Amino acid sequence: MTTSRLEAFSDGVFAIIITIMVLELKVPEGHYFSDLQPLIPKFLSYLLSFIYLGIYWNNHHHIFQAIEKVNGGVLWANLGLLFILSLIPFTTAWMGENHFEQETVFLYGLNLLLSALMFFILENASLKHEGESSKIHAALGNRTKEYFSIFIYLLSEICAFYYPLLSTIGFALVAVIWFVPDKRIENLLKS
Amino acid sequence: MTTSRLEAFSDGVFAIIITIMVLELKVPEGHYFSDLQPLIPKFLSYLLSFIYLGIYWNNHHHIFQAIEKVNGGVLWANLGLLFILSLIPFTTAWMGENHFEQETVFLYGLNLLLSALMFFILENASLKHEGESSKIHAALGNRTKEYFSIFIYLLSEICAFYYPLLSTIGFALVAVIWFVPDKRIENLLKS
Amino acid sequence: MTTSRLEAFSDGVFAIIITIMVLELKVPEGHYFSDLQPLIPKFLSYLLSFIYLGIYWNNHHHIFQAIEKVNGGVLWANLGLLFILSLIPFTTAWMGENHFEQETVFLYGLNLLLSALMFFILENASLKHEGESSKIHAALGNRTKEYFSIFIYLLSEICAFYYPLLSTIGFALVAVIWFVPDKRIENLLKS
Amino acid sequence: MTTSRLEAFSDGVFAIIITIMVLELKVPEGHYFSDLQPLIPKFLSYLLSFIYLGIYWNNHHHIFQAIEKVNGGVLWANLGLLFILSLIPFTTAWMGENHFEQETVFLYGLNLLLSALMFFILENASLKHEGESSKIHAALGNRTKEYFSIFIYLLSEICAFYYPLLSTIGFALVAVIWFVPDKRIENLLKS
C-alpha cells in the first residue's frame, strides 16, 4: 500500500479537526466588544490547539515523507493518532469554557500526552516496518525532543492540580520546541 | 473513469463522518471529572464507530486498489455505501445518549447491517464490472468474513430486544475480525 | 491553470455539503422507535438532497474530465455553483422540518432551479473557453436533459403553491433522469 | 518539501471554512417566506465572506503555482493565514446576526485586514525563500493591489464607528478588485 491515500485521508481529518474547533466559539448575544470578553479564554485555548494541530500535521507529513510503504501496524497507529487528536476540540472547549480550571487543564494535558504517545507509537511502527537501515531510522535519531515533550507533559499533569496556569505554560513550551519544523528529517532528506 | 477522483471524494466523506461524531460529545456544564461521567457511554459508542469507519475506509481502499475502472454501477454503489455510513454519527449518538437501550441498539445494528450489505453490493458491482478473470475476483475469494459478519449482525439484531449489551459485544466482535487488514487482497497484490 | 486543484477543492466542498446535512438530523429525546417518527420527513428530504448532490458531483466530474484548461470564467462559475449547492442543507432542513409545506417546497425547488442554471452557466463558460471544436462541445450535444430538467423545475415551482407533494415528485423525477451517469460524455471519451 | 501536500491540506481547510458558514444559517421556526426575513443580513454577510474565501483560495492557488519549494517560514505563514481565515465564520455570523452594528463591522473588517496582512507575510516568506530572480518575484510585481486593499480596509475600519454601512461597501469594493483572477501571475506563467 502506498502512503498517498493514507496521507490524503489524514490531511482531511487534520483539516476538519483544526476548523471544527472554531465552531466552539459560539457567537455571543450582544453586539459590543465587551460581549466578546467571555470568549477570550476559549479563543486562547483554541489558538494553542490550532498550533498543536499544525505541529502534528507538519510532523505527520515528515514521517510519511521518510517512509515508503504502509503496513497494518502503521495504518492502525495512524488511525489511533487521529482518534486521539479528534478529541482535542472537545478537551480544548472544556478547558476554555471553564477558564483553565484544574481538572479541565489535566484532561487537556492528558489529551496532549496521549497524542504524543500515539505519535511515538506511530514512529515505532514505521521504524519496525522500514528496518534499521531505513531513512526513517536515521532521520528520527535518538528522539530527544519526543522524550523531553513527554517529560514536560508529565510535569504539567502533576502541576495541573496545584498551579493549572503553570501547566498551560508547559504546554506552550512544548509547542514552541516543536514549532520549528523537524530539522532531523529535513536535513536527511536533503542529503 | 479512473478511480482516483472517486477515492478522493470518498476519502473526504470518510474523514468528515469520522470527525463529525466528536461534535456529538457536547461539552458538559461543570468543570469536574464527575461532570464527564454521563459522557462515558457516548464516548464508548463513538470509539466503536470510529473503529468501524476506520475499517470501512481501509477495506474501501483495498477494493479500489484492486479494481481499475469505475462504471455507473460501482459509482452509485459507492454513493449508497457513503449514504448509509453518513447515518452512523446519528445512530451512534442516539445509542450513546440513551445508554444502549434496546431500540437504539437495534437501530445502530441495523445501520451496521445495511453498511455491510452496501459494501457487499459494492463488491458485487466491482466483480461484475471487472469480470471473472480480474484481480478483484481472485482477491475477494469466497468472502467468508463478509457472510460471517452479516450472520453475527443478524444474531445481534434479534438479541437487541432481550440483551442489548450482548448485541454490542457482537458488534465489537465483528470489528475485531475486520481490524486486521484484509490479507486476501493484500496477499494477491503482493504476488 | 490545470483542473486538478479545482477538482480537489470542489470535491472537498461536495463532500462537506453532503455530510453536513446529516447534522440536521438532531438526535431525538426518547429512546423508542416512535420517537424517530417526526424525523421521517427530514430523513426523506435528506435522502433526496443526497442523491441530488451525488448527481451534481458526478456531472461535475464529467465536465472537468472533458475540459483541459481553466480560466477565470470557469473558476467563478464553479464557485457560483458551489455557493448555490452550499445552501441545499439549509433549504432541505427547512422543507423537512415543516413537512413539505408550500413555501418551503418552493424555496427548495428554487435552490434546485438555481443549481441547474449555475451548472448550465458552468457548461457555457467551459464551452466558450474550450471552443467549438473541443471535446466538451461535442460531448454536451444539444443538452436536452438540461432543458427538460429546467422545464420540470419551473412546472414544480408553480405547483408548489397548490400541490406541494406533486412538486416533490417533479424533483424526484429529475433526479431519476440524471441518476444514470451522463452517457453523452462517457461515450465520447471512450471513442 | 513539495507544495502538493501543503496545497491539499490548505484546500481542505478552505473547503471546510467556506461550507461551515452555512451552518450559521439556522433554520427558522415558521414555514412562511416572512420567517426567512430576519436571515437576510446573515445571508448577505455569508455571501460576502464566501466571495472573500473564494478570492483567497484563488490567490493562494496562484502563489503556490509560482513557488516550487516550501520551507518552515512559508509553512507557518500559511498556517497563520489559515488560522485568521478560520475566524471568518465567527466574525461573519456576529456581524450578520447584529445587522451590521458598528463594533461587529469593525471586528469583521479587522479579520479581513489581518487576513490581508497574513497573505502579505506569506508572499514575503515565498519571495524570501525563492529569491530575487524567481518566478514569484517577477509575478507579484509592485503589489499595488495589496497595498490598495490594506488602505481601503484601514479607511473602512475608521468608518465602522460612524457609518458602518459605508465600511461594508469598502469591503465589497476590495472583493470586486480581487474578483478578477490575478492577471500578473497568470500572464507570467503563460509567457
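Just a few scattered comments:
Lettered A, B, C and D in written order, each chain numbered from 1.
Note that a contact is a pair of C-beta atoms (placed from the backbone, for glycine too) under 8 Å apart; a residue touches a chain by one contact, two chains touch by 3 or more.
The model shown is predicted, which means the values in this text are computed figures rather than measured ones.
Counting every residue number used by either copy at the chain A-chain D contact, under half are found in both chains. Distances between chain centres, each the mean of the C-alpha atoms, put C farthest from chain A. Averaged Cα coordinates give chain A a centre that lies 27 Å from the centre of chain D. One simple way to say how far apart two chains are is to compare their mean CA positions; for chain A and chain C this gives 38 Å. Residue numbers of chain D whose C-beta contacts span two or more other chains: 8, 12, 15-16, 20, 23. Listed in rising order, the residues of chain B touching chain C in the complex are 1, 5, 8-9, 12-13, 15-17, 20, 23-24, 72, 75-76, 79, 82-83, 86-87, 89-90, 93-94, 97-98, 101, 103-104, 107. Contact residues of chain D toward chain C in the complex are 7-8, 11-12, 14-16, 18-20, 22-23, 25, 27-28, 31-33, 36, 47, 50, 54, 57-58, 61, 65, 179-181, 186.
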